[in-house]
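Look for chain A in each of the two complexes below; its partner is chain B in the first and chain C in the second.
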Partner chain A sequence: MKYAETHEWAKKEGNLFVVGVTEFAASELGDVTYVELPEVGDKFEQTETFGTIESVKTVSSLHLPVGGEIVEVNEEIEDNPGLVNEDAEGAGWLCKVKPTNPADYDKLMDKAAYDKSTQE
Partner chain B sequence: MKQTPLRAVHEKLGAKMVDFAGWNMPVQYDSIIAEHNAVRNACGIFDLSHMGEFWLNGPDAMVNLQCICTQDIEKLSDRQIAYSPMCKPDGTIVDDILVYRWDTSTFMLVVNASNTQKDYDWIKSNLEGIVELSDSSDRTGLIAIQGPKAEEVLQKITNQRLKAIKFYWFTLARIADCECVISRTGYTGEDGFEIYCDIENTEKIWELLMEAGKDAGIKPAGLGARDSLRLEARLLLYGNDIDDTITPMEANLGWTVKFAKGPFIGSKVLKEQKDNGTSKTLVGFEMPKGPAPRHGYIVKADGKEVGHVTSGLKSPTLGKNIGLTYVPPKYSEIGTKIQVVIRDKDYDAEIIETPFYKR
Partner chain C sequence: MTEPLIFELSNDERISYQIPALDVPAIAPEEVIDSAYLRKELNMPVLSERDTVMHFTRLSRLNYSVDSGFYPLGSCTMKYNPKINEDIARLPGFARVHPKQPAATIQGIMEVHKLLSDSLAELTAMDAMTLQPAAGAQGELTGLLVMAAYHKKKGNTHKNKIIIPDSGHGTNPASVSMAGFEVLNVESDEDGCVDMEKLKKVIGPEVAGIMLTNPNTLGLFEKHAKELSETLHSVDALLYYDGANFNAIMGWARPGDMGFDIVHLNVHKTLSTPHGGGGPGAGPVGVKAHLAEFLPVPRIKEENGKLAFSSSDKLSLGSVVASNGNFLVLLKALAYIVQNGGDGLKHSSACAVLNANYMMEKLKAYYHLPYDRLCKHEFVITSENLADYGVKTLDVAKRLLDYGFHAPTVYFPLIVPEAMMIEPTETETRGTLDSFIEAMIKIAEEAKTNPDLLKEAPHNTPVRRLDETTAARKPDINWYKRPE
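What follows is the complex of A and B.
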């Protein structure tokens, strides 16, 4: 799993990447009340806004850590956005991406580098 | 940034702090929704030491308040409280305040933190006769305990019989060896109390309340929960729902405007609005689908823009999106369909009865 400075993560799954927000981001947001996800088939470049995440007090854009086509979204999030707080880097995943350029992944931070960036 | 006397307490609790009107305030400790629910189901305590407290003293205090406030302060008994807008001559709202009547020549005024200086200057510039205004905000701590268990918890640590204090009345009381003012007031839609004390006693009273409320499930609650609780109860927030471009008549605060007492600042315009109506009126709406409506979002009806959301959220108690907006009177009927524009998409909403939540 690797991390973007905008607090999303990406994880390889075969030819695809699973994408979500980091535990750090989920904890900073507080109770997540709404997640606006893209449609399957939508295409985005790396770092492009692909959705919105809302907590009681805040609205934040979601940036795609690996550019490509959305092939699946986590339907459960719609009914239960709190899943992001419960398990941000697991069951609270947001979408799966078929990458245009898999090398996007290499530009992301590893866990140590990301953790360091959030402590600053 | 200004600090309340409870700064160390908030830090110890791991609160997330934000700048609110120049004050370093806790917005949440753990979870806004958990804090919200604690107040609805048990009790929560809030640090409100950022609020402003003024004293108005002197034989002409009453007659001045009658002129500055829209409420009829003479109708209050000693130890009774009024919620009142203060208006400019054009009827728009300088602030909404609480007036605590100690006796006919002694009043405590509680004002919004964001308006403290503005209010002081406004009141000062309108005073006539033998009357003195003083600002005791820097010496006053304020803690609110709110929720169905608030009375039971507070009763454990005070000598005064709380049952005897009615809604919007206050008393002098002791908590341990600390003298304080306890009023049955709040901003949550629940039963509860606000405790005014010397600033150096604030932390002690907070800790005593936390200890006394342990079994009842007391939770510290931040500004986030305060906002969601007040909105469900349709209590207005100055700067969001009302400001110096809005009159009490437009904000549905007509019940606080007492023309029978004689002329007061703004009365001419307000009377005219009462008789002839206003061009817009504050209504509540619900929005079944979509993200939460928020301050500033455009409201449409009949395909055109008719107003803006002043406050909105996904209500933790009701589990649905709710909000307030000003609309022209013809769209204010219960059941009227409107749309809220969020990120270029229209979401259907409907005018509903308020308050959204009633205990």
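What follows is the complex of A and C.
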């Protein structure tokens, strides 16, 4: 699993990438009340906004850590956005991406670098 | 809360009206209206007039308002609204005019429009004003459409981006999108001002303009205004001044002198008209002379010694509201300007800034102050120093309610974690400021000795702490169709 400075993670799964927001982001946001997810088939470049996440505190943009086509979204999030708070880097995943350029993944931070960036 | 819902008070036997007996032949509604459009039940509560009045009067007593207590809601400028404004707006000559009455018969009203336009132009150093926009947000959109019209006339079709600093107002990105532009975000520097180095990196031919609030949402004066103006104008981009924080600099500094081309003002913040709550508002927009031809029509012009409506500007955006703005609201703004005069307005801004700095100095020993420099009309502190006791800004805000104060704005601006934005305005006495400061100091102590007192607050309000998460995730707002 690797991390973007805009607080999303990506994890390789076969030739796809699973995408979500980090545990740090989920705890900063507080209780998540709504996630606007993209449609399957939508295409985005790396760092492009692919949705929004809304909590009792604020609304934030979601940036795609690996550019490509959305092949699946986590439908459970729609009924239960609290999944993001319960398990941000697991069951609270947001979508799966078929990458245009898998090398996008290499540009992301590893866990140590990301943790360091959030402590500053 | 002890007061039931109006639906719970409903009693079919206590209907509050009597209709005279029918003296024409009865026709069933289905005979004249397609039954697809008819409802069998309306589900309206049935109450006597007496019960209705008592219910709403009791509810109104549970309200908190500027007239009942201190309301330091940062960025919103909840200043007191002098009652004489209301008296003037109720004068029959003003209140009973028809919106479409011919200009020749309402020269006094036209005079009010002109006087207000001229005063606002003088305060902001703009050359032409429109009083049409019905709210600050509509003023923003109008100002940006003026910007778009300017670039269209010049053939600047490549200009599709507008810069917004990360300390900008939340409405700005929405207005930019609605006007058909894209947002370019620029971060703040260590002083809380626009980072000029980062701004210069994103500036280019596709930049149509910038939206700037000065002082910004941290309550800090943007020191680089002049440099910004030169940088933006060098690529033919325009500067938009968001007037949300104009109360801090009225009579002391003018957006036009800082290089801004377009300004909107929120009369409910700076000029003491009531805050909306869904009611009528006004968001006048001013522009420099080279943009005047794009302003909405009709505009008020002088013809043969009389004031008249003119719609002759070919490049105008057209009208942005059905009539010429919310006149009675604008009238209250003019009443405030005339009562204070230039010196009075200048003095009120000075007092707003003095009050904010007084509170900031008194509170900085008890709360974290992220930007420790002279502030303008508002300042941002945080509860970061109380985090070790498990206390968050929301808990401090809720506990303030127990002390009888409205909470400040919390979790805004977004660039400061756990922010509390406090704006006292000029209308509060030293005594009020001191009691608020005292309450804040007590709360900081409670956070250390008895944090649960804060986490479970409020204790003394008509409703205790609400479950905002469930309310947002599973909204239940329909009395008749309650989910199982």
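Quick note on the criterion: the second predicted complex is superposed on the first by the 120 of 120 C-alpha atoms of A that agree within 3 Å, B and C clash if a C-alpha of one lies under 4 Å from a C-alpha of the other, contacts with A are read in each partner's own complex, and residues count from 1 in each chain.
Here, a contact is a pair of C-beta atoms (placed from the backbone, for glycine too) under 8 Å apart; a residue touches a chain by one contact, two chains touch by 3 or more.
Note that the coordinates shown come from a computational prediction; the quantities given were computed from them, not determined experimentally.
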| item | value |
| --- | --- |
| Superposed partners chain B and chain C on chain A - clash or fit | clash |
| Which of chain B and chain C A:N101 touches, first, second, both or neither | neither |
| Touched partner set for A:T52, first chain B, second chain C, both or neither | first |
| Partner chain in contact with A:Y34 - chain B first, chain C second, else both or neither | both |
| Clash-bearing segment of chain B relative to chain C, given 171-179, 243-251, 297-305 or 333-341 | 243-251 |
| Contacts on chain A seen with chain B and repeated with chain C across the two complexes | 31, 33-34, 54, 56-57 |
| Chain B partner contacts - residues on chain A that touch it in the complex | 30-31, 33-34, 36, 52, 54-57, 59 |
| Chain A partner contacts - residues on chain C that touch it in the complex | 411, 414, 417, 468-469, 472-473 |
| Chain C-touching residues of chain A, taken from the complex the two chains share | 28, 31, 33-34, 54, 56-58, 81-82 |
| Chain B to chain A touching residues, read off their complex | 16, 27-28, 31-34, 224, 227-228, 290-292, 294, 313-314, 316, 343 |
